[in-house]
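Take a look at these structures.
What follows is chain A paired twice: with chain B in the first complex and chain C in the second.
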Partner chain A sequence: MRPRLDLLPLAFLLPSILLIGLVILWPLITGFDYSLHAGTMLKQGRFLGAGNYTTLLGNEDFWHALRFSVIFAITNVAGCYLLGLGIALLMNADIPGRPFFRVAFLLPWIIPSIVSVVSWRWMIADAHAPVNLLLKLVGINPIYFLSSDIWAQVVVFAVKIWRSFPFMMLSLLAGLQGIDKTLYEATAIDGATRWQAFIYVTMPQLKNVSIVLCILMTIWTINDFETPFLITGGGPSYATENLILMAFRYVFQRNNVGIGSAVSFVTFLILTALAIALLRLQRDRG
Partner chain B sequence: MMAGQPRPRRGLRLLAVSAIAAAINAPIIFMLLNSFRSTEEIMASASLLPDVPTLVNFVFLFARTNYVQFFFNSFFIAIASTVVTVIAAALAGYAMSRWQGRLVGGYARMLLMVQMFPIILALIPLFIIFRVLGMINSPFSVIIIYGAVHLPFATWMFRSFFDSIPRELDEAALVDGSGRFGAFFRIVLPLSGPGTAAVAIFSFLASYNEFFIASVFLRDEAVMTVPVGVQMFMQQYATDWGGLMAAATATAVPTFALFMFVQKYVAYGGVEGGVKG
Partner chain C sequence: MIASLRRGMLAATLAIAAPAMAQAQTVLNFWDMIWGPPEYIETAKKLVDRFNAEQSVIKVQYRSVPWANWYQTYVTAIGAGTAPDLSTGAGYQPVQLYEQGAIKPIDDLIAEMKASGELDDFQPGTVERLRFDGHYVSLPWAIDIRVWLYRKDQLAAANIAPPTTWTELRSAAKALTAGDRYGLAASGDTGGSHYIYSLMINNGGGLFDDKRTLTTQSPRNREAMDFFAAIVKDGAVSPASAGYDSASRRRAFHLGQAAFILDGPGLPDAAPPETRANIGILPPLAGPHGDKGTIAWTNSIMVYQQTKHYAETKTFLTWWSRNQKPLWTEGHAGPMPARKSFAADPYFKDSALRSFIIANYLPVGKTTGANAAGIFPVLNAIEGDGVVQSLTQEILQGKDVGPALAKAETKLKEIVQ
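Take a look at the complex of A and B:
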C-alpha cells in the first residue's frame, strides 16, 4: 500500500456514502438536535439543553420502558440460546432428511413479522384457541392472554423467541460443525461420558461464537418494534412498551418530538455501547 | 455424530426431530389449514382441522379487498429498493474487497454499526422532512430508506463474493487499459452473477417483509404494502379469522418461494451480516 490517500476507492464508496449520509447520518444529527428542543411535528420549539433528558429521569413511562427493554432482551437471549442450542445439537447428529428439517426450523425466522403475529394471535385468540385447548388437557383454566399485563408480556417474549431462535440455531450449528472431531476422540479415550464431552469440549469450543451471538441478539431485541407493536400495541396500559414503542408513541401519537427524540437517542447510546463491545470482541479474536 | 449407528437410534431421533418441528411450526400449520376454512366453521367446529376445504377466504381477499393492490405496491417498492441497494452495495463491496486502507476499513466498520442503529431515531427527522416535501404516502420515501437500511448486509455479502474472485483478473484488465471501473463492470461483476442474484433476493425479501418503516410512511390504502395492509385488516376484521388467515398465508407464499432459492447462502448464519436487522 502506498502511503498517499487513494481517492479511487472513495469513488466506489460514493453512492453508499450518499445513501447512508442521507438516511442515517443526517437524521442522527438532526434527531439529536430535536432532543435538545421542545417541539412538535410542525414546529421546533425553544432550546431546552438537556431539559428533555432530565424530564425523562422523572418520567415513569421511561423507566418502565427501559426495564421492559432489558427484561425483553434477557428473556429473548436466554430463550433463543437454550432452544437454538438444543435444536442445533439435535441437527448436528445423523438425521434422515436433514435439509427438510433445516428449512422447517428456519420458517419462523423467514416469514414476515405480520404473518407470524396473525398466526400467533389465533393461537391465543380465545378460550377455544389451540394454546388454551392444550392448557385444558393439563387441567389449567383458559387464559385471556392479551388482557392481562403479565400474560401479554409472556406472549410478547414467547413470540419473539419463536421468531428469532432460528438464527441462533443456524449459527450455533455452524459452530458445532467447526469443532475438531479429534477433540471428541481424545475425550472418548480418556473415558469421558457424553455429558462430560459436552461440558468440557463442546461448550468451551462454542464460547466465542456464543458471546458474539448473545450481544448481537441483545442489540436486535432492544431494537425490536414489530413484535410488541403488532401483538399488543404496547398494551395493556403500556405493560409491553419498550423504548422504541415509547419513542414512537411520543412522536407519532402525542406529537412530542423532543421527548420522543430523547428516548430514541438514549436507545442509540445503549446500542452503540453494545455494538462497540461487539466489534472489539471480534477484532480481538482476529 | 458418527455414521453407521444402529437403525433404531436413528429412527428415534427422526421421530423426536419431527415432533419438535411440528410443535414449533404449529402456528404456521394452523394458519395454513384455517385459511381453507370459513370463519363460521373455524368458530363453530370442535375440530382443529378443516372438514370441507373451501376457497371462500381467498375469493373474498382477492375480489373484495385491496389486497391485490397491496401486492403490486409491495413488489414495486421491493424491486426498486433492491436496485438501489444492489448498485450501491456492489460498488462499495468491491472497494472493501480490493482496498484495505484505513478509509475503506473504517467505512466497513461503520456499516456494521448502521446495522445496529435504532431506525426510529432516523424516522423522526425523515418523517418531518418528507412531510414538508410532500413525500408521505409516496413509495419513494420508503424506497430510499430501504435502499440504505439494507446496504450493510448486502455490502458485506458482495465483499465476500468478490474476495473469492482472484485479483489477478482485475490486474489483467488494468494492463489491458481498462480503468478500475472497467475491470469491475466487465470482469468482476459478470463473474459474480449467482452472488448478485443472492444479494438481490435477500434484499427483496427484507423489503417485502418489512413493516415498521412502511407503516410510518404509507398510510393511504392506495400505496400500502402488504404487511401494512394486513395489519389494517387485523384491526378492521378482527374476528374474521378465515379472511385473516388467508391474507397471512398469501403474504407468506412469495417469501417462502424466494427463500428456497437462497437458503444455502444462510448456511453459516452470517454472524457478521445477519439478514434481519
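Take a look at the complex of A and C:
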C-alpha cells in the first residue's frame, strides 16, 4: 500500500514559502537577470549573456575589491574573534564590576553606526584630531589616517573590529557559561594547567559556536556597506572599496546596472560557497 | 426657525458639493531639492501656498528632497510609477532621465516663451545648454558655480594682494603656509573634484572636445593638473586633505586654517558671522595662457513622463519660474538665478560678492562636458562615479600626475563606452 501524502503540513508551510519566494527568490532572480543585460535600472538594455561577467573578470577594480573584501573579512573575523574571546573569558571570571563591564563592552554594538563612524572620523580627521593630539603628547608626528591608502584600510579594519567584537563576545560568553564545570574539575584532578584546560576543554567546547560565529561574521563583513562607505567612501583612490561598494558605485553612480548586478551575484556565489564549505567542515568534525 | 433650516440646507449642500469641488482640483506633486539653508524650504513652501491660494484649479503638493541618494530616490519613484509631476534636480538629471524615457520635453513651453520674448530673461546659453537630442528637456532656474574665495585677514596680515593669475595664487598659497596653516583648503570628495574640473576649464581644457570625445590627457588638462600638484608639492595644502570631505574643507577655511578655497557662491552666507566679513572673492584667475573659466551647472526644473496633467504642470512651472525670486531674497538659495530680472534685484545688486559673481564668473562658467555644447547623459555617471574624485585624492596624496591621469582616462573611457 502506497503511503498517503499528507498535504496539511505543506499547506501550513505555504505562506512561509511564498514569503521567502517574494523577498529572497524574486530579487535574486531579478538581480541575476539584470546581470545578463546591458542598460540602467529604468531601461533594460540588450541581452549580453555572460558579457558582464567576462567584463568583470578583466576589470582591475573588481580584483582589487575582491582582494580587499577577503582581507577585510579575514582581518575582522580574526580580530573580533580574538578580542571577543579574550573579553568573554574575562567576563566569565569573577572580576569586580563585572555587570558594568558587560554593559560597557556592548556599547560599540549598540551605538548606531552613523554615530560611531562619524565619531571615529572626527577622532582621526587631521592633525588637530584627538588621536593625533594624543600621539603628539608621546612625541609621534601626526598620522593622516584618511589620506593614506594603507592607513585608511587600517582604520576601516579597526572600526569594523570595534563595532563587531561585542556580538562575538556576547555569543562566546554564552558558550563559555554553557560548559560543564565538571570538565574543568576533571582536568584539575589530572593536574592540567589553566592553559591546557583552555586548549583541551574550553576551545573544543566552543568549536561549534565559533564556526557559526565565524561564518556569520564573514558574511556580514563581506556584505558590509556602511563601515567603508561612511569612513572613507571607498577611497582614497578606491583603496577601501569592497565588492558591495563597487556594486553600489556601478548601479547607482555609474548607472550600469548590469555590471553592478554581476558584482553582487559573484559576491553571493562566494558567500554561498563559503557557507557551504564551513558548514560541511562543521558536520564532518561534529 | 426658517433661518436655521436655511443654514442647515446650506451646510448640507456644501457638504455634498465640497468633495466634488475637491475632485475637480488637479493635484500636482512637486519635488524640490534642498538648495539652501533651512529657510529655503520654508520659503519654497510659502511660495507653493501662494500659488495654491491664488487659484483653485491646481493644488501643488511640495516635497523637499535631500541630496543624499537623490538618484535612487528618483529612479525608485519612476520605477514604481510614483514619480512627481515635476521636480528640480541635479545638473545632469534631466538629460540622464530623459534618455531613459522618464522626462517629458518642454519644447512647447520654450517655444511660447520664445514667442513672447520671455526667453530673453534667462542668462545667455542657459536654455540652450538644456537642449538634448533636439528637445528642451527642462527649464533653467539657477546656476551653480565654483568661485575662488579668500581670507581677507590672512592676506592683509601677510601684505599679499589678492591673486589674479595661477602664478600669483601658487606663490600666495605658499607664502601663507606656516605651521598648522595652509594656503589652500582642499578635499578628496565631490567638492574636491570641482578643483580639477575648474582648473581644466580655467586653462582652456576640459574632459571633452566639441564632438564629445574624451580629451582627458590633453596638454591643457595635463598642465592644469601639474599646477594643482605643484601647489600640493609646495606643502600649501594640508596632508589631511585627501581624506577631507567638503564640511572639513570649509571648516578649515572658516577657522582660518587655510587662506583660499574654491566653493559655491553660498559659502559666505553659511559661514559663522565672525568669519563672513573676512571672506573676499578673487576674480576668475588667468591661467598660463590667459584663459579664464570655472565649472558651472545649470540647475533646472523638469517634467516627468508619468504626469497625467501636463497642461497644469506647465501652468505651475511657468508661474514658479516667474515668481521664485523669494527663494533667494528670503530663502537664501545658494546658486545664482538663471533669470536676469532676478539678478537685477537689490539682493544681488547691493551685494558686492553676488554682483561680482554674476558679472565676472557666470560668463566664464562651463559644464563638466566642456568643451562640448550642451549637456549629455554620461556627465551624470562621470560625476557620480568618482573617477575625478579619485584623481583629486591621488594628486592630494602627492602621487605622480601622469599615471593618475592615465588611470582616470581609462575609467572615464569605460563610463563613456
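Just so we're on the same page, the second predicted complex is superposed on the first by the 240 of 286 C-alpha atoms of A that agree within 3 Å, B and C clash if a C-alpha of one lies under 4 Å from a C-alpha of the other, contacts with A are read in each partner's own complex, and residues count from 1 in each chain.
As a working rule, a contact is a pair of C-beta atoms (placed from the backbone, for glycine too) under 8 Å apart; a residue touches a chain by one contact, two chains touch by 3 or more.
This is a predicted model, so every value here is computed, not measured.
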Touched partner set for A:Pro236, first chain B, second chain C, both or neither: second
Touched partner set for A:Ala125, first chain B, second chain C, both or neither: both
Which of chain B and chain C A:Tyr144 touches, first, second, both or neither: second
First, second, both or neither for A:Ala104, with chain B first and chain C second: first
Touched partner set for A:Ala152, first chain B, second chain C, both or neither: second
Chain B versus chain C as contact partner of A:Asn208, first or second or both or neither: neither
Which of chain B and chain C A:Arg249 touches, first, second, both or neither: second
First (chain B), second (chain C), both or neither touched by A:Lys43: second
If touched residues of chain A are counted for chain B and for chain C, the larger one: B
Residues on chain A lying within both footprints (that of chain B and that of chain C): 41, 125, 252
Chain A residues within the chain C interface of the complex: 40-43, 125-128, 142, 144-149, 152, 232-238, 249, 252-256
Chain A partner contacts - residues on chain C that touch it in the complex: 69, 71-72, 75, 78-79, 96-97, 99-102, 180, 188-189, 238-244, 248, 252, 380-381, 384-386, 389-390, 393-394, 396-397, 399, 415
Touching residues on chain A, where the partner in the complex is chain B: 1, 5-6, 8-17, 19-20, 22-24, 26-28, 30-31, 34, 41, 87, 90-97, 101-123, 125, 130, 133, 162, 167, 170-171, 173-174, 184, 209, 212-213, 216, 219-220, 222-223, 225-226, 229-230, 244, 247-248, 251-252, 257, 260-261, 264-265, 267-268, 271-272, 274-275, 278-279, 282
Interface residues, chain B side, partner chain A - complex: 1-3, 5, 10, 13-14, 16-17, 20-21, 24-28, 30-31, 34, 48, 84, 87-89, 91-92, 94-95, 98-101, 103-104, 107, 109-114, 116-128, 131, 144-145, 147-149, 151, 155, 180-181, 184, 205, 208-212, 216, 226-227, 230-231, 234, 241, 244-245, 247-249, 251-252, 255-256, 259-260, 263, 266-272, 274, 276-277
